[in-house]
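In the two complexes that follow, chain A is the common piece, with chain B as its partner first and chain C second.
Coming up: the complex of A and B.
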């Protein structure tokens, strides 16, 4: 006769040494005499650092003062954050006219709104969002920031940007509320769902033309005061240079990478040479080349301003680094993809544009974010050749009469600011990497 | 119709295709290449002709003749003899290039040692240590190098005590002095018979090396282990010391002495040098630590488990089993880091250390003009270094690839 137990014996709980706080401490910090010593030593180092930083940066620090003397009156050993706070506007916006600063904030807000749909799962037409933001936004932002008179080309591009932005926002709203694209929504509203495709398309094109015309008429009377680029500065200038840099370096990098992988020897040699030359020299030499040699390259009487010179140098430099990122992305695409594309009769550009690039670019997104972080950090170099980017502004504080000699605090503030921006971006890119590779594996 | 004998199929049937000029692969490829070459050639010609025209209009001098003309300015840090007004622009270029190489070389050594150390700490079983190493890596990687350099220069090395209150780093011997003018070190001045000490040292090193090799062979054949470290060290240290004493200590020291407002004698490096060395080392150590960590993680866990199970101590598991296998994964990013160190040393210009960029591409260029030649020479210098380093990297990669895993 067998003894049968009806209920399952409850699982024994994990031993205390595995679950308790003490167990964790023992395992991770005090597993041996040496480890204990190491832990105590590290704790001591942390204590020294933390108490030093706390004492200097918070406990003895001055946050409100008129000048450096007052900071000293309060404490000799603490930080004088009052100087940084006093200069906060300059650090972020440079010497941009104070009453016009809203334009920079508005431009930033537009960009954020424009790109917001990219993170919304329910909104359709993400590729179009990405393309319009690269093609149109720079012109709208460029006009918003620099102002003055618009030439005809600028008028068209600004109009295009306004229309694209409006459509994008409308599309986002219909996507979020009705879960459908803007075009489908319009057709439904007009009760043309049964009409032939051609009619539907014509209706949409007509509406687009009307919107464009309306926006064009409106923007003729919309002008903002001109602000010379010499007034641009601070974090704003850093973001402008690195933003334009990354947006233009990507297409340039794609072309160079394709050139380097090309079967045509002359194309390959030229691209390889170009990439290797710019990758083997420091950015500062390229910037110097831009400021000393570009004026010589141009036809007589044609003067490029320094900002444009710098931006061209940054684009050239980064396109070469981006080319290597793209090349790595292309190499990761299995050969079968190329062969499959050939089999269905696609030519070179069809294969690359429709099959290879979309896959490669998707996998490169984390690396592109990484390049952007690098570019953002590298952009501080423009302060060496005399632009007042964020580092230039931070270093000017010590030359301002009330804050004469205030060096450390602005630099520490800049370091913290960069750390927050770069660290959160790199965390995000790592998150993307995990997400993208997870989606790819099954 | 009569039956025809069936033709034997030919070996290769090639359909007679009409030769279409516009569809032919070779024609198209030649066309695109000529087009590219044409555009690039035209662009180059356009830029060159503009430059030539501009140089003529502005009356600027061209050619490399300036290399032999004398430069009228001095520099605070140089490794070769140079007198302003006598030395040439060629000397200036050489001084700058040597200064770049010196600071890069030192920074590479320090950052590599520190980077390996931190990279191993990142994987420590001690949670706290691993987190501190992580904090180090994240903080120094995410703050622009230029901000770090300027901070070390202005915030640390310029705030050191004045000359009169110099710090003595040699514990009262006044051999190594640190103040806000820089670091002053004693320099050895070898006497007549000092070469004998050096020769003994060389012989001792070779002897120790041979002894070590014999010990390895013995272990391979018989399994007997010999302690090589102690005898080797004894030979390398004791023998030269004996010779040194026997020849009557032929070594003098050039000691920095306070004269007037500054220290004179010995070797000195300016604060900018120290700031650059410290910030480059710290910044690149953070990057190297990450590649070391990635390399170690790329080694199969079974390797370290097997090594532990045959009784190796954790430290030896790391140094004898894991690191050697991780090297092929560590070396390429490590060397690209070294290349970046050389390139980033050009940020010296922000704090006035006379490297090739700040001395030649800025100061000399402002003095003499010759923008095209000077920018070209500086870039060529960096390209030469990069190409040399990649040459050695390729050799290493080929050697490593031979070992199949």
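Coming up: the complex of A and C.
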């Protein structure tokens, strides 16, 4: 053999078809006569749809009117958005007293602020933020939304929530400005950095106790007017039901999935039975069971309100679906990971919590978010058992006298609203996946 | 042949203290009899190499020693603790026996340093700063301290296996088990792992190694154990084992691989 090429071949630029827009068009849309025909046909269909939607929804539509008759006077072929606009408050908040709506907005704002540190790279203690939001926020929000008298337990939880929120915010500020956790900041301010760990911990616990006592004293006099759950409705109710469902379905699902894979036969049989029963029944049946049958099994005088029953049903139903998602994720983890954890002496919970779950959850994100989206949409079924969630509200517009028979517009509006929420969730899950897999490629 | 392997047999560090004692142990996978009447005594500081054809039960034997597999009959006593239903004993044995696998089994979602400190911090309840110090010490011993902040997926096979060895050492085990540690590696990476293992043998660690690397076996082994179809067929010092195998199955095996 002789030398084939003595010099290194220099790179040449790629052919035009690989880089230019025209090249791309030619290759993908107009490569043959048939392909060109298909492209033109598809463009025509898209044009028909888009111009129809534009004409109905925007060009000929009425945005301001007193009733449906005025809409027709303006245009016969356009949408009557005036009805939807007139009902916007009802769609979002149901029949919640108008002067109390700030409480719902305030609750939403609290949640957004509480969760904000989770997205901030510099803030420390994210796990604690996540745990406190799940443990304490529901009680604070629950009181904020329903109001009235607080029982002792409720007082303790509300106090806990206030303290946790304040600490969280302070921690966020020290994290953003000083790049350190609140605990480290306090120790530094008190110049106790050299003190032994135990002293530092005692100081922090003392401060926590003082804060708790102060918040407890303050909240005794803080009351908001009671609002019956029957007045809750609209998107607010949908988000309450699905929010609680989402927050509790995942932990519930993890517990059920671990139960199903347990080595203890009774735990395994019970978990499997529970999962299979709930999974093989439609949600609407579970909802009816919860509201009509469940009270029959309870002792006399034991009354749960319908909303609580519905929420319990939604949680159980979705925990069972989530359990199967989690189980699939667990099965994707190779046996070697369990053995690796075994050889460094980790027990069952250590193995699951530190090694298996973090890996499995990452694999499960698309399915988990899929379930969450399903859950959000499924909660509209509660309108069938008489709760005025967003779907219930949208459909009552057509029964309101000025807007009698207005079906299409509210439902289209609802569809757009759901699309925005679900699509953001889906986009966010994609972002999360990319972010989590960036660190360690297999 | 590596430098360490060519320098010849390491000095023996065997003490009279018994580390592992296996008496009349039997194991079945379902109806299949994998291990038959196994008797094996390993002293402190002793280095045993187990070899044999695939399916002979070598891996299963060492997996029984750290309770990854259950045995059905007979006794296994590790560091004075009897393996069995007693969960306390089991916890003790798992922390005192380190194991290195063919496929490394590192935790892919944690950095190298986190892989190494996880056990000391969560199981040994060690202070985090101390755990990191120990981890860096062992990473230096396996010659890859500069990889501490990477993830396992970013390392070569040989590096991953050295991390796996360091991970076990961080738990300061009394016994180290190696289950074909070089079988999944590319040829040019085998040497770096074997060198680390020879260094480890030099420190007087009690080791049981399942391997097909016969040069390595000659260098470090105090005894070579040959297994076939669930039996321990022959046990001898390396010179006698390789120079003058007694059993005909041993002779046949050696003639096939050497």
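Just so it is clear, the second predicted complex is superposed on the first by the 405 of 442 C-alpha atoms of A that agree within 3 Å, B and C clash if a C-alpha of one lies under 4 Å from a C-alpha of the other, contacts with A are read in each partner's own complex, and residues count from 1 in each chain.
Everything below uses one rule, namely that contacts are C-beta pairs under 8 Å (C-beta built on N, C-alpha and C of every residue); 3 or more make two chains touch, one makes a residue touch a chain.
The structure displayed is predicted, hence computed values, not measured ones.
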Touched partner set for A:343, first chain B, second chain C, both or neither: second
Contacts of A:355 with chain B and chain C, given as first, second, both or neither: second
First, second, both or neither for A:378, with chain B first and chain C second: first
Contacts of A:267 with chain B and chain C, given as first, second, both or neither: first
Complex contacts: residues of chain A adjacent to chain B: 28-29, 31, 35, 38-39, 42-43, 45-46, 263-267, 270, 277, 279-285, 288-289, 292-293, 295-300, 373, 377-378, 380-381, 383-384, 391, 395, 407-408, 411-412, 414-415, 418-419, 422-423, 426
Complex contact set, residues of chain B against chain A: 29, 32-34, 36-37, 40, 47, 50-51, 53-55, 57, 125-129, 132, 138-139, 141-148, 150-151, 154-155, 339, 343-344, 346-347, 349-350, 357, 361-362, 365, 371-372, 375, 378-379, 382-383, 385-387
Chain A partner contacts - residues on chain C that touch it in the complex: 66-68, 91, 94-95, 97-99, 101, 103-109, 118-119, 122-124, 151-154, 167-168, 171
Residue ranges of chain A in contact with chain C within the complex: 336-337, 339-347, 350, 354-355, 358-359, 362, 439-442
